[in-house]
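Two complexes are shown next, each including subunit A; its partner changes from subunit B in the first to subunit C in the second.
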Partner chain A sequence: MADVAEAAEQILVSTVEAPHDTPADWTPNVLAFACHYCAFAAADLAGVMRLSYSPSVKIIRLPCTGKLDHIHILSAFEKGVDGVFAAG
Partner chain B sequence: MIVGKQKPFDEIWDMVKGFKKVLVYGCNTCVAICHAGGSKEAELLASMLRMRAKQEGLDLLIDSAGIERHCEPEFFEPLDEKVKTYDLILSTACGVGVNFLADRLAGAIPVYPGINTSFYGAVPEAGFFVELCGGCGNCILHLTGGICPIVRCSKSLMNGPCGGTDKGKCEVSSETDCAWFLIVERMKKLGTLEKLFEVQPPRDWSTATHGGPRRISLEHIRAYEAEEEKKATLTGEGK
Partner chain C sequence: MSLLSNSTKRGSVLIVGGGIGGMQAALDLADSGFKVHMVQRDPSIGGTMVMLDKTFPTGDCAMCMISPKMVEAGRHLNIDVHTLAEVISVEGDAGDFRVKVKVAPRFVDADKCTGCGDCEVKCPKKVPSNFDQKLGQRKAIYSLFPQAVPNTRAIDSSQCICLNDPDKKRCRLCEKACKAGAINYEDKGKEIELNVGSIILSPGLELYDARVRQELGLGRWQNVVSSIQFERILSASGPYKGVVQRPSDQKHPVKVAWIQCVGSRDNRNANPWCSSVCCMYATKQSIIAKEHDKNIEPTIFFMEMRAFGKDFDKYVERAKNEYGVRYQRAMVSAIREEPGTGNLFMKYAAEDGSLMTEKFDMVVLSVGFQPHCDAEAFAKTFGIETTPYLFPKTSPFAPVRTSREGVFVTGIYQGPKDIPETVMQGSSVAGSVMALLAEARGTETIEKELPPEKDVAGEAPRIGVFVCHCGTNISSTVNIDEVVAAVKDQPGVTYVTNTIYACAQDNQDMIKQTIKEQNLNRVVIASCTPRTHEKLFQETIREAGLNKYLFDLADIREQCSWCHKGQNEVATKKAIGIVKMSVAKSRLQEPLKSETVGVTPECLIIGGGIAGMTAALSLADQGFPVHIVEKDSELGGLVKGVYRTLEGLDVQEFLKDRIEAVKEHPGITVHTGAEVKQTDGFVGNFKTLLTDGSAVEHGAVILATGGIEYQPTEYLYGQSPNVLTQRQLEKRIAEGENPKAGERYIMVQCVGSREEPNQYCSRVCCQDAVKNAIAVKQLNPEAEVMIIYRDIRTYGLREDFYKQARDLGVIFIRYDVDRKPEVAQSGNKVTVRTWDYMLNRELSLEADWLVLSTGLRPHPTTDQVGAMYKVTRNPDGYFLEAHVKLRPVDFPSEGLFVAGLGHAPKNIDETVTQALAASGRAGVVLSHKRLAVSGIIAKHKRELCMSCLSCLRVCPFGSPYIAEDGKISHNEIKCMGCGICAGICPAKAFQVNNFRDDQILAMIDAAVESEPGVLN
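Right after this comes the complex of A and B.
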């Protein structure tokens, strides 16, 4: 039985994929869901202050992050976004 | 209401991966309340399945839809034509809904269950569901202080607690109240404890599933509907 368990363990371990190589110039596409009243206002202020952030971050303004639903996040991932940032 | 829980995702994936065009079909009544199979959950499940298909390199079209009830025919009608364009319906309705739709489609398209239908329950607090009725077809709640020993006693005992009752808790799980302890305490408060001394005849379980599939037929309603149908046909208003 111990051999069987060990073999099963080895099979399990062998199925773990090696991490993909990440190109040095790769930047993740991030979608930010921002609350109109705080995080979006902060991003706006950042713009006024001429502060910059990565162009790979796209912002969607929500009336409140309470409006954010599971399906919005899943849809983003389905469309290939690498990360979702909820700010509110 | 009927309480259910979504099946493990991998189990669902194994069901659907061999098909080409799948509709995840939600029901917006009981299973929507328990966050298992309403339109919203069907939409999320469809999205997750699409991502899995993409990960596995499979060409699968997965859509979602929802109707208010899967247990009455008229609710299906608006989507009947759409449903027929798929080669699998993954229903997130309760088992009643899966059976009913499968009968309706009569073998033309398979209908698979996306959730495990669990019990008839109540929602004492958001996100928490408890089984309170077994649907046995022969209610005795008037004799037991409104507490059902059939589902609330782990052993479905009909004649008082077993030896495993422990300070009001059940020996099967310390998180479960002893139903017979609750019954006695409730009946004391109601002042009806003496009812428990009445000898009850052996229980007739033929009204539960032991007597085969159950039906209830309201003849006056059916007769009225048949009459209305006949009138509509005569006046040319029938379908």
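Right after this comes the complex of A and C.
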């Protein structure tokens, strides 16, 4: 049994990538999914109030955060974004 | 109903006051065929609600809720908003009023202004902001608040440097800053004349000036603030950006005290009435303050906790138990500042009578409402009668009607009330006006004529991109030329240009022209937020013959230039990314058809009590046939057992009148002894089968299922002949069994209310007790009445009767829920033992009559009716409305409305109000021949669907259903386009138009392309 568990762990380790090193001046590229009615409105208000945040955050508007799908999050990471922010 | 002939009635309405109540009335009326003129004193609509941070009891953000409504009202084709305006005279009669309105100069031309705000940045004159309650500053040219509607700034003539220079030569900096040339120092204002069929007054109230109560120190001690100041302190867009800090030294306070009833329930230098909302807003403020800063220790000093509304008691319990808010029953006699520290010492008497001094870091005075200082002149202008307190005179049976026919009131001006009640009354006054002006509906509204839509299906995308400078709002941070250059070569883009103000009228024309010249079939505008401007641009491209869904708005102002000021390079890069994402989405856009469905202009009302009958009469007067289904053999409902209102009006007479009116009305069919057997359909098209065999086709449903009284099992009820309910006592009095001299009546409050499992206030019982106590004392002053209570909740203008009862010698003794009165039979009397907190000892009292103030419960059929119409109920069994604050008579599914006790306990006047509101809301639906369905809905592909029923379970609107073949189908008419179904569907059989997965994935690709992450 111990062998099986060990083998399974080895497979797992070999399929999971080691964490990447991040450069010192790194700012994460973040994609936000925001509900039209609340989080998107909040992002607008941040602008109206001239509040600042990292310009590498971009927002995709959804009719409701309930619309958010696994595929959107996985695809974003697959394509290389560093973080996903879902707000609603 | 009016005696006027049809020809003289106007199809337009004047609404005086653009707060949330006025706006609700305006939107309901304008959406159902009436032209609306809204007159507002301030430079923006919004009223009191826009100043609030959050709202009780849900903690929703006030601005997030009201802002879309303001935008809708501001943009509505049939609502004309006149700001900085006041009515100066009214002539004529119901159906045909002539009104003169004086519009003060704004000094900014609304037709030219784009709302960019460049002028405000340049204005050198700073003045204290009244909107921020003088805790912050604004400029002399200003907008009332960032989300103001109209978004045209105004110059404060008392502060402007130029306007105060005799030659008007000084400063003029705003004029130089305005690229649109909208500044006009020569503006003289104007006078306009309006011809309207009806007038709605919703001017709101003003706040009590607590500086009058000098002992509390407002205006003297810096860390004593009024509750509205604290509301601004809590607001993220307020003077302290939502950080709870003291005005004196910006320190974070720990001990914060709220003092209730400042300016309310006080005859000396203040107002005798209860302001209805302060107990709850203090609770809310203490909770929110604690959420902002967990170190805060809130204490609320109160006389009586009036948490009488739906779910309010639960909110207070949460404040106590989850947030640790301390409620101290005491009146504060004085506040003194500690020299040097800014801390405050408060003196009060503790419950055991001992005198306490306690130190606080900050004190909030919960100030009440009062009529505007010019209320008398205001009432005179409109020719309406007022009460001695200068509130408009109304009747509990007709709460929105004034003494002058055709002139209605709504909102807190009618009497202090909270937001949902104000919104409810807004719809209610709309319903009343719809009934009054029924035959003039549609005579003055306009509809836009549009060219036929160009067929672009199957064409390769030809996207036109317009990048807006927004004056310098975008272009000072984002390099527009770089953006234009970067999107030029994007696939599908055939034309790119820049524009100074995309929203200005001349540029709108330019966009239309370009669409034609360049044969564009998709448009992307890179400017501001879709939340305010999408509809405008959609209309623009539609006027050029394009389907309005072939449009996308890239927000490079609110979400780029404004928040990345000074970071021009990265902001430009981000803007390019945002526009590319929009282009990627646009490429995959398809023209969408907006379906319409026919409407059966009839209404079914379930329940024939006061709520059902009131709604029926209003709708039938509007011209829509109504069916009432009443389970009992006769109409009337619970009110059959009520004889007098608190004000002393004859309820039975009123009920008799209503029943007769219903029976005689040719538009109303009554089905007594019947229930709903089966129902099906959706907004505009319901089919309902009744147990009496009749089948009704109708476009809307009002659930007015009513309530019942709690049947007590406690306090010897049913065992002792001396124990009655308030209703039984009322009946005895009505039947002439007069109280005898020396007889003692002891009343016990909250029987069956405010205790688990019924942790809610039944709202009517305090007033029933006070009403019956007054009746007993008036019939025989020698009889004794004692009321054993927890909190006397005679809220609003009802407070007068509490005072009257005390003046008549009624004795009030308070009890706590964990020390309830004990009752025992002793001979032909009962003995009541209770603790007296004033005397600090137990009392043993003998009573001839023990009268129980029993609570209310929803009618047992609420459950079954709710299940049939798939509407939810709250844990107490009452119907749950679509939105606790802004949609108090709607259900999430369209075409269904609620009124009366089925929604929550309420008084007769409140039931009438809600019933009229339901008739107003139903009137909006029924007045349409066809209803348009939005193009942004979920589309269901049956061939992909596995009928796993996930969508059926999660859809809040009930649009997926099991079809006859046993598989899922989708009713697009019910769909609101939220896309929860699309998110959960494992087969991806659902896709939301314009938010399809392929579009979102394309946006992700474009986002990554412009800014790769660390891995790339």
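Operating definition for what follows: the second predicted complex is superposed on the first by the 67 of 88 C-alpha atoms of A that agree within 3 Å, B and C clash if a C-alpha of one lies under 4 Å from a C-alpha of the other, contacts with A are read in each partner's own complex, and residues count from 1 in each chain.
Going forward, a contact is a pair of C-beta atoms (placed from the backbone, for glycine too) under 8 Å apart; a residue touches a chain by one contact, two chains touch by 3 or more.
What you are looking at is a predicted structure, and each value in this text was computed from that prediction instead of being measured.
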Subunit B versus subunit C as contact partner of A:G66, first or second or both or neither: second
Comparing the two partners subunit B and subunit C, which touches a greater set of residues in subunit A: C
First, second, both or neither for A:S75, with subunit B first and subunit C second: both
Partner chain in contact with A:A46 - subunit B first, subunit C second, else both or neither: second
Partner chain in contact with A:A18 - subunit B first, subunit C second, else both or neither: neither
Which of subunit B and subunit C A:C38 touches, first, second, both or neither: second
First, second, both or neither for A:A5, with subunit B first and subunit C second: neither
Where subunit A meets both subunit C and subunit B, residue numbers: 69, 71, 75
Residues of subunit B defined as touching subunit A within the complex: 40, 43-44, 47-48, 50-51, 54
Subunit C-facing residues of subunit A, complex: 20, 22-23, 26, 28-29, 31, 36-38, 40-53, 55-56, 58-64, 66-69, 71-72, 75-76, 79-82
Residue ranges of subunit A in contact with subunit B within the complex: 69-71, 74-75, 77-78
Touch list for subunit C against partner subunit A, complex: 61, 63-64, 67-68, 146-147, 236-237, 241, 529-531, 555, 557-560, 562-565, 567, 570-571, 573-574, 577-578, 581, 936, 954, 977-980, 982-984, 992, 995, 997, 1000-1001, 1003-1005, 1007-1008, 1011-1016
